[in-house]
Structures are given as structure tokens and as C-alpha cells.
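First comes the structure, then the notes that go with it.
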């Protein structure tokens, strides 16, 4: 056999078809949450759940359309999105940094670790008035509330990731003459990346949950406010439009993070 | 014998307005009338109505507001049988409209001065909103003349302290504490004289099929209410009970004005109609025309309860 | 009775020609495991000196402490007692025994890693990396990720990375263990070529006596755990060495026999 | 050298002293949250923070003592603890199991993954009515609220852990003839253990945050109710006693989990 | 033109004596990496048969596809085309090339792992594990955790684990690569003893031609990537083989030369 074996074009196509199918399956899977709407529709139509309180998706579609046509919904979405984005960044950046620092330095971990563990379970709802006292009743206090929630998720997930870094990678950096900061940047950060993304996804979901609660306070806009105000006045259809919208916002944020994860953590399974 | 007693889970909120139920429970009035009642705390009108209408709970008390009107319109199958509480026609009011100390120092001394200022309201669609609108009316203002900010009382304290609010709704015992700490002052107190606050309601089916039980329940409630409204507030034993259910220390409860109710437990429908109109004007109601209160409000049961109580 | 100092000192200075590059005196390393309350004595009273520009191989039974000694020299592990000195301006470069390729970098990025940390210009990095990929036969896989490599290919990446920034002292822990003899031969020759040209000091752990005799100026033989140096054998062959010729020399077999005899003295079983 | 080298008793003592010191340092570090109290005391004493809202710890100590002496506080602690414990277990067990299952099975992950991502950001306030309708107004609905919060934290952390399992471990199990369940039990579970513990710690902290919110109005016992009631009456000292107590409960739960982690994940760094 | 079937079939049945245990026909394996859009042809048209009870060694240049073929035989990888049959009642036992010790288990638990999965009684497990720890010289480290082991010790744990539940077919991917010659010799002899006693079928990847000639009935030589079998050389020495004696035999050097020649035909560089 003097000529090396090569694959024919058909074989190459067959080889690639697998990953193309994978991609298709993934795309289809993004729509699986629609099953939930279907289930809800069925439960509501068959009277399994009380339609006065849980109107079928088809019946809230009208309200949704109205709110969309009047562009009202977009103001709420925009307000919520802005708050979530600012709070998310404010919480995630220090969370990741402190997770990396405490993960790499045992002495700092010894001192600060228990302090964070003690601060974490402080009930947010109880300190809310105190946050209002410091940051005012405007958006700043909402950013802070979200940032606090995001911070701890990022902190613990990053820390957990750093603590799992195989010693050999740290040794490699050290042997390559890496400074503390370089070890941080080029070893700890990428190595903890899968855990950081777990944290980012959890934090994304949590942000929307928190903002939904935080917009009950001192806000006149936002999807959370809309849900709460609708519930207070028993405008059930409007409330459910809000719930679906905020859940969808959270869902798309998580999808976006998963796409980023595939891009930035190409060495991991997905 | 105790097993035969009808069991009722009653939904309440941990506020002093619900005190007659606490008394009826702890002083054994419910037992006296042959009922086995358990009290379950609930956060708001919407939940309570929903629980009652769906039949998941049999009885509860809640407050008037857009939520209640809308839910009745949507076919919430509840039977309203008696008042929960109403505002007294005297000052000091249990729910004064307050101005922050800061604003006071800055020269805001009258309602008129609040034009364009930030005013705290506990939430849309409820008594708080109505009450603030009434207070503003005293100075010729409407809700549109101020910047309404939704904040519950604890957050109001913070907002008064850091200048986040110039004025706002409040309620006892919080109002007194605000004064004590030098955070706020009473600005208007006579704006909601006689306003109906809430009602006692049952699940429809249950009320139809167990009129007797409902009557006995109301009677026990009325007995508690009368005890309370006729000087009961000064009784140590009663204060102990209220303190326990509301989580408010007894010393705080003492000497504070509270909501009252009509002797016979009847609802002042005019006040209810006025609130409905107010919320319609606010655009909070999802229907046209006045709601048919009479279809859900049954006075016959209340009459029987009064008779039963009189017989006792 | 063995006298050892507890102070650990490490000199960083460039010495005169033929001066020692590495001095290890009375080195002891013990591991203590709390949960099992077990002490493992990994190296006991290790003494040796490597001269500047020398190529030294260490052989010894599995688990005798070879890796431990090398890790101490690289500053990755603290000795329990004894002292060692490295006379060098830069940290020694290490080829690790375990898989040490960073999974989040491509092959080329892995090789370039030490250069990147040093802030070498991107263009210079590329040229140097290309050179080493060529040397280790990985040019085709420059952009592949570690999980797409075979065992031997990963090992070659580690070797390339250790050579990329041209340091004075090279510590190599069984670097060619997973390579076929053909590839191993090529890399051995390349390593010798680089060593001769640059005058590096090399400490090389191997299990192959053949490999030790092919490469080393001296072979250090370690006893079973707790490992200590039981022999320091000079390799008498002229360089360049002819692998096939060497095997015809009686001294080759005498040395091989001697190493085997030493290793067999107190085997682990 | 015919006799093998051995360590003298002094050397052994020196060798062990390091880990003994480590242990001591860890024990000391448990007290570092007291620094927070000190900082608070100083800020309050110097008037850096408004004492009406943040009374100094020394000044709330009296209230704390009273509540302890009257045993009142213990009823609240017990009520909260019971709710947290039940809800935690109800959420953690399915969270871990589903995390393992979805992590190991790509088809199931494709279908259910997006559904969980869509359910996660649904604001809890929105589903509270549904929970009340199904589970009643009693403690059961509080268990469920906590369980939901715990579930998602455990699910995502376990899933993230399973996705990081080095392929070789799965190969070992397969080659050893492991069934699906055995791979699950003997590979995926231990391998994901560090991430599971990250999740457990996050979930512990979150449970206390959630119960504090759940007890705010819908309870007549529990530390959360106590905090709420104190807020309602502006009884700031009582409120802070409640906040400190519930935070301490969370802190000790996290410490307990860390001790368990050291015991059950002895192969990891701590 | 090469004809190959796309159907993959795997027979599990116990055949008559001297029947084939492993049949591999026209096996092709290619990897496709989406993100880099790169195709790596790892094995091309691999054909060979291993008879029941035979000991076969595979040698070949680094990255030629040896591990890939073994993984396909172990059912850990799907072939792209071609077919293979295993005539055995149980799955083959595999010694992996990479570190495959489970970090959360102790040494003894790692060795016992296959027995545990099979639900063997604890007492029986203990006895069998003790036997294999003794064989691999790890008795002292029974309760140690993998991170406390040296590279060679980890490899020995993998070997012990593969032998513990006594399966018909043994697939070994450079199992003794990280071992010193002394330990390697001992384990080679033990492996041969077990093989002779139990009549196992063994496929053994090695880079050492010496090792292949010491152990194997036949040596399969693979070409560089994409790997295919370029020679199937029977080893003519009687068993038991004397390692030293064998080297005095001209056939040993002829065979060694032949393998080297084949491997050198088209080296990767």
C-alpha cells in the first residue's frame, strides 16, 4: 500500500453529517419549552386548573397582543433589562474576582471565607429597607439587590472551580515563571470557566427572579412591577403576560450564556 | 364529640385589624359556638380571594380594593358576610398621612406644598392608594399632582430618613414609631373617616350548604369584636393575644388608636361604592358600571348571627 | 548519624565555567497525610552535584522519589530538611511526568505558554513555536486541542514547551516514556544537539538504562523508597555517540549490568 | 548504607506540626465573622451609620438576651429550622438526581434542559398562588417554595459537575462492565461531588433567604416572621436580633456542610 | 480500491479451541472536529485476527492509531467503517494509556472496582485485591489515595484493576511504560505466568521492541498515521523465554532490525 488511505467525498460528508445533525437537534431543543405552554393550555382547557386564576395561554394571547401593539410591554421589558444588566455586571465581576482570589490564596480564604459565609444567608428582604436607606428608592437600590444575589452565586461557583484546578496546571504556570496575576489570568480563570458559566447561568435566572421581587418597591415600570401591580388589582391576564415575558427573558439570557459557553469553553463537553 | 365540630381554616393577615378573630380563637368563642377553627396567615386580598373561590380554604378576611372588585367581576365565587374593620371617625387616626421630618424642616407644612413631590404609597389598587388620594384631596391635589412611589411602611422609614420621600401613607404602630424616632410627622388625619377597610368572606358553596356554621362563626367573631371595641384594648389579656398574633410587643400596642367596626358587623356599602368609583377613575377596574355587590353580600346570615349572639 | 541543615537556601547567580549548577545536600522529603495519619518518606539523604553544562540521568525503581527530587529542584515542593542550590539566573524548565498540557489551549498555544508569560512579541513567539513543533513533529497539529492528541503527542507538546524559552537548566521527568523508539531516537538526538549547542545543564529521569547511557555524562542510581543515591556512574563513551556502535562496546554491557545489579539490590518485592 | 533512613520522633513531630497548625488556623478562622460585628459596632458608635436604623450590636444584645431568656427565640428558630430542613431535602434530592441524569444522557438533556432553563426564571411570586392552591396555606407550601429554590441550584451545579467528568472515568466504568445506574452511582456522583457541595452550600444560604421571605407574611412563627413583625412596628433591635439569628443559622449550616465536604471529598483540596 | 462494509457487528459467543478471539476487518476511524473543521484519519483499513489464547503486541509510531484501535475493540469508540468481532462471553478488560485511577477511591478500592460492580462478596474482593496488590508491589499503599502515588505506582494500579476480574480478553495500552526495568521485568513475568495459566487472549501495545519480542506470539507493526497494519511478524522463540539468552539469538536481532526497518519506512518527520 504505497498511497495513503484517504476518505472519499461521500465519506467525508457522512462523517460531518453527525455533527450537523447534532446542531439541528440542539436548535430544535430550544423550542421544547413550548411544551410547557401546551401543557398549560390543555390543563386550562380541560378545567384541570381553575381558568379564573390560570387562564389558558390562548386566552391571554389577546392581552399580550394589545400590550405589544401599544408598545407598553417594551417599556417594561427595557426597564427590567437595564436593571438586570447593570446589577448582573456589578455582582458578577467582583464575585468572579473574589472567587479566584480566595481560591488561590489559602490565607485570604481563611479570613474572608467565613465572613462571606456569614453574610450570604442574611435575608435580602429584611435588609431591603436598609438598602433603600443607603441607595435611595431609585434604580440604584435595585442594582444593588441584584448585584448581591449575583455576587454570591458567582463567588461560590468560581471558588469551587478554582479549588478543583488540578495541581499540575498551577505547577506548569509556576514553572513557566508565571506571576501571581498571570496564574490568576491564564490558569485559574480558564480552568474555573466551566464552573463560572454554571454560576453565570444560575445568576441570570436568579436576577430575573430577584428583579421581579425588587420591582415591587419604588418602581413604576418593569415587568416585575407589571406582574405585581396586576396581581394587586387581580388583572390575571396581564399578570400572566408579565410572567411569560419575564420567564422568556430569563430563558433567552440563559440560552445566550450557553452559546457563549460553547464559544469560550470549546475544550469542554456541552 | 369534639370530632363532630366543623373544621374551618380561616385566612387572616397578621395585623391588628384582624384582632377579633384572634380573640375569638384564643378566648374560646369559636369553641363556644361549636366550631373548630384554625387560623392561617395569608399575605393579601388576591391570595385570600383565590383560595376561597377555588374552595381550597373555606373562610377568610381581606380588604377592599381593585383586586376584590375585579375578582368578583371575574366570577370569584365568594360570599361576603360581614365587615372586617373600618376607620374610626376620630383622631388620632390609625392610618395617618405623614410628612417626613426632613420635608417638614424644608418647609413643607401643608398638603398643597406636596405638589410635584414624592409620596409613598404601599401599592396600587388598595386602601393605601385610596387613603393617599383622600389626603391629597384635602389640599386640592390629586395623585397626578405628585410623584407616587410604591413603598410599604418599613421602607417608608428609610425613605423618610434619606429624603427619598417627602410624604407617605402610614399605619399604626409604625406611624407612632416614625414620630418617636423623629423621622416623620402626621400631616392629615381626618381624610378617611368611616372608610370600610375589609370584609369577612366564605366560599360560596360552603356558605350555602352550611349556613348554620357560617352564622355561628360570625357570632363568635362579633363577640370578639364587641369585647375589643368596648374597651378591650386596655385589657392586658387581650393585648397579650393580639401581640402574639401580630408579633407586635404589647407595650407598642398600648395607647394606639385602632380600626373599629360597626356594632352589628354590617358593611357600609356607600363607602364600598365610593372606593369602587375611585378605582374606576384610576383605571384599575377591568369592567364597566358598578359591580353587583348584592349578589355576593348576604345580610341574612349576619342578622341570624346577631340574633344568635343576642340569645346567648 | 546523618547531619543535615534545616535551612533551605537557593542562590541565584551565574557561576564560573565548570562550576556546579546544582548542588543537593542531605535532602530529605517526607509526606504526611492527616486523614490516614500516614507518613511517606519519599527521599532520604539525597546528595549529588551537577556541574554546569552536564547531562545527568537519574534511574531508580518506581516510587523511589525521583519525581520528588526533581520537583524540589524546580521549586514546586519544599524539602523537609537538607539544602539545595541552583546556580542559575532563571528558573529551571521542567518536563512533567504526568500529562501537563493545558486543555484550554491549542497545541501551539501550549508550546508558546512560557513565551506568552514572558511577554515575548507575538511574531517572535510564532517563529519559535513553529521551530519546536517542527522538531517534535507536531506541525500538522498546531491548532488541535489536547483532547485530540494521542498520548505520545501530548508528551511531545510538553517537551516542546520546556525547550521553547531556552533556559539554563532543564529538568526532564521521563520525557520520552510514551514515545515509540523511532520518535524517541529522533528527539534524543535533537535534545543532544540542543544541549551541545547551548551548554544547558540537564537532569533527566528515565527508566531505560539504554537511554541513560545514550544521553548522560553520569548516571545517578537511586535506591528503592526512601530513595537515596546509591551510585554515581560516569558514562565513558565519546560524543557523538553511535547507538549501534555503543552496544558493541563491552563497557556498555558492563555499565548496564552494574546499573541492573544496583537496582536489584533491594527490589520493592 | 545498609540500614534504611528513618525519621526521628522529633522530625515526625515537626512533620505533623504543620497540619496541626493548619487545623488550628481553620478553627480560629471560624470566628472571623465576629469582625463584622466589631465593624458594625464601630460604625454605629462613631455615628458613621444611622443608629436609628443600625443600632450597635452591643445595644441589641439586651434585646437578644431577653428573647433568649424568655425562650421566645427558640420557638422561632425551631419553626424556621424545620421548614428549611424539609424544604432543603425535598429540593436537593431531585436536583442532584436530575442533574446527574441530564448530565449523563444527551437526549434527555436536549429535551428537558431547555424546559428547566425556561422554568428557572419564573418569578416565585407568580407561582406562589399556584403552590398555595395545590399545597394549601400551611407549612407544606413553604417547604415547596424552599424546595424549588434549592432544586435549581442543585440541578445546575450537579449538571455542571457531571459535564466536567473526565471521559476516562466514564470509560473505566464502562470497561469494568458498569451498568447505567452504576456509572451514575460510582462515577458521576463522586466525580460531581465537589460541585454538588458548592450547590449544597449555595442552597443552604438561599434556603434561609427564601424562608425569611416566605415567613414574612404567611406565617405566625419563625425567625422570618419575627423580622417582619419587628419591621412593621419599627422595632429595630428585635429585627436585628432576627437578622443575626437567621444569618448565624445559615452560617452554621454552611460550616456543617464544609465539614461534611472535608469528610466526604477527602481527595479534593479544601 | 478497498471494499469495506459500513455495518458494525459484534458477536458474543464462546468459540471452539484455537478459533479466532478477535477479528478486525477493514477498520477505519476518522475524527471530525467541528470548531476547527478538521478531519483526522486515525486508523485506515486495519485488518488482523487474534486467535484465542494468543498474545499479540502492536508497535507503531506515536499517533498512528494504536490506542484508537484498542478503544474500538473495547467498545469505547465507534468505528467509522469496517467491522470487528469479539468472540468472548465478557467485555475485554482494558489497561488505559492515560492515568485512569479514580481519584476518589483508595488504591485497594480502585483495584476492587470491577469486582464491586459485579457484586462480588466483600471477603472475596479483599482476598483477590490483596493478591493483586502483592503482585504489583502496592500492598503498603492499599489505603493511599491516587494523588499520593508516583506515576509508576498509578500505572500499576491500572494493571492490577484490569487483572482483578480475570476476563478472557486483555487489552493493554503501554501498561509498563512508566516502570523501571526491574519492576517491568517482574510484571512481564507475572503477566506471562497468568496468561499461560488462564489462556487469556492479550493485545498489548508497546513502544519497546524488546518488550514485544519478550512477550508476544506475534508482533503487528503499524504504519504512521493514518495507521494500518504493515506487518504481522511471528516471534519464533520457545517459551519460557530467557531474556538474556534471547538476546544471544541471531533471530532476535533480525526481528528487531525488521521491526525498526518497517517503522522507519515513512517516519513522521
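Think of it as A, B, C, D and E in the order they're written, each chain with its own count starting at 1.
Rule of thumb we're sticking to: a residue touches a chain if its C-beta (ideal position, glycine included) is under 8 Å from a C-beta of that chain, and two chains touch if they have at least 3 such contacts.
Nothing here was measured: the structure is a model prediction, and the numbers come from that model.
Asker: Among all the other chains, which ones are in touch with both chain A and chain D?
Answerer: Expected: B, C, E.
Asker: Touching both chain A and chain E, which chains are there?
Answerer: Joint contacts, listed by label: C, D.
Asker: Can you identify which chains form the pair with the largest number of contacting C-beta pairs?
Answerer: Top-ranked chain pair by contacting C-beta pairs: A-D.
Asker: Centre to centre, by mean C-alpha position, how many angstrom separate chain A and chain C?
Answerer: Chain A and chain C have C-alpha centres separated by 47 Å.
Asker: What's the distance between the Cα centroids of chain B and chain E, rounded to whole Å?
Answerer: Chain centres of chain B and chain E, defined by C-alpha means, are spaced 81 Å apart.
Asker: For chain B and chain D, let me know how many angstrom lie between their CA-based centres, rounded off.
Answerer: Averaging C-alpha atoms per chain gives centres 38 Å apart.
Asker: Out of chain D, which residues touch more than one other chain, so two or more?
Answerer: In chain D, residues 50, 53, 129, 133, 167, 216, 228, 231, 266 touch at least two other chains, as defined above.
Asker: Identify all positions of chain C at which a residue touches two or more other chains, and write them in rising order.
Answerer: Within chain C, residues 98-99, 145, 147 contact more than one other chain.
Asker: Quick check: what residues of chain B touch more than one other chain, meaning two or more?
Answerer: 44, 46, 50, 54, 154, 157-158, 161
Asker: Among all the chains shown, which pairs meet the touch rule set out at the top?
Answerer: Contacting pairs: A-B, A-C, A-D, A-E, B-D, C-D, C-E, D-E.
Asker: Quick one: in the complex, what on chain D touches chain E?
Answerer: Within the complex, chain D contacts chain E at residues 168-169, 171-179, 182, 186-187, 190-191, 193, 265-267.
Asker: Mind listing the chain B positions that touch chain A in their complex?
Answerer: Within the complex, chain B contacts chain A at residues 44, 46, 49-50, 53-54, 65-68, 70-71, 74-76, 118, 123-126, 148-152, 154-155, 157-159, 161-162, 164-165, 279, 284-286.
Asker: Mind pulling up the chain D residues that touch chain A in the complex?
Answerer: Listed in rising order, the residues are 25-26, 29-33, 35-36, 50, 53-54, 110-115, 117-126, 129-130, 133, 152-153, 156-157, 159-160, 163-164, 167, 194-195, 197-198, 201-202, 204-205, 208-209, 212-213, 216, 224, 227-228, 231, 239, 242-243, 246-251, 253-255, 268-270.
Asker: Name, in rising order, each residue of chain C that touches chain E in their complex.
Answerer: Counting only chain C, the residues touching chain E are 31, 33, 36, 38, 40, 59-63, 67, 97-99, 134, 137, 143-145, 148-153, 156, 174, 177-184, 186, 207-209, 260, 263-264, 267-269.
Asker: How about chain C: which of its residues touch chain D in the complex?
Answerer: Residues 2, 28, 30, 32, 34-35, 39, 41, 44-45, 80-81, 147, 223, 226, 228, 230.
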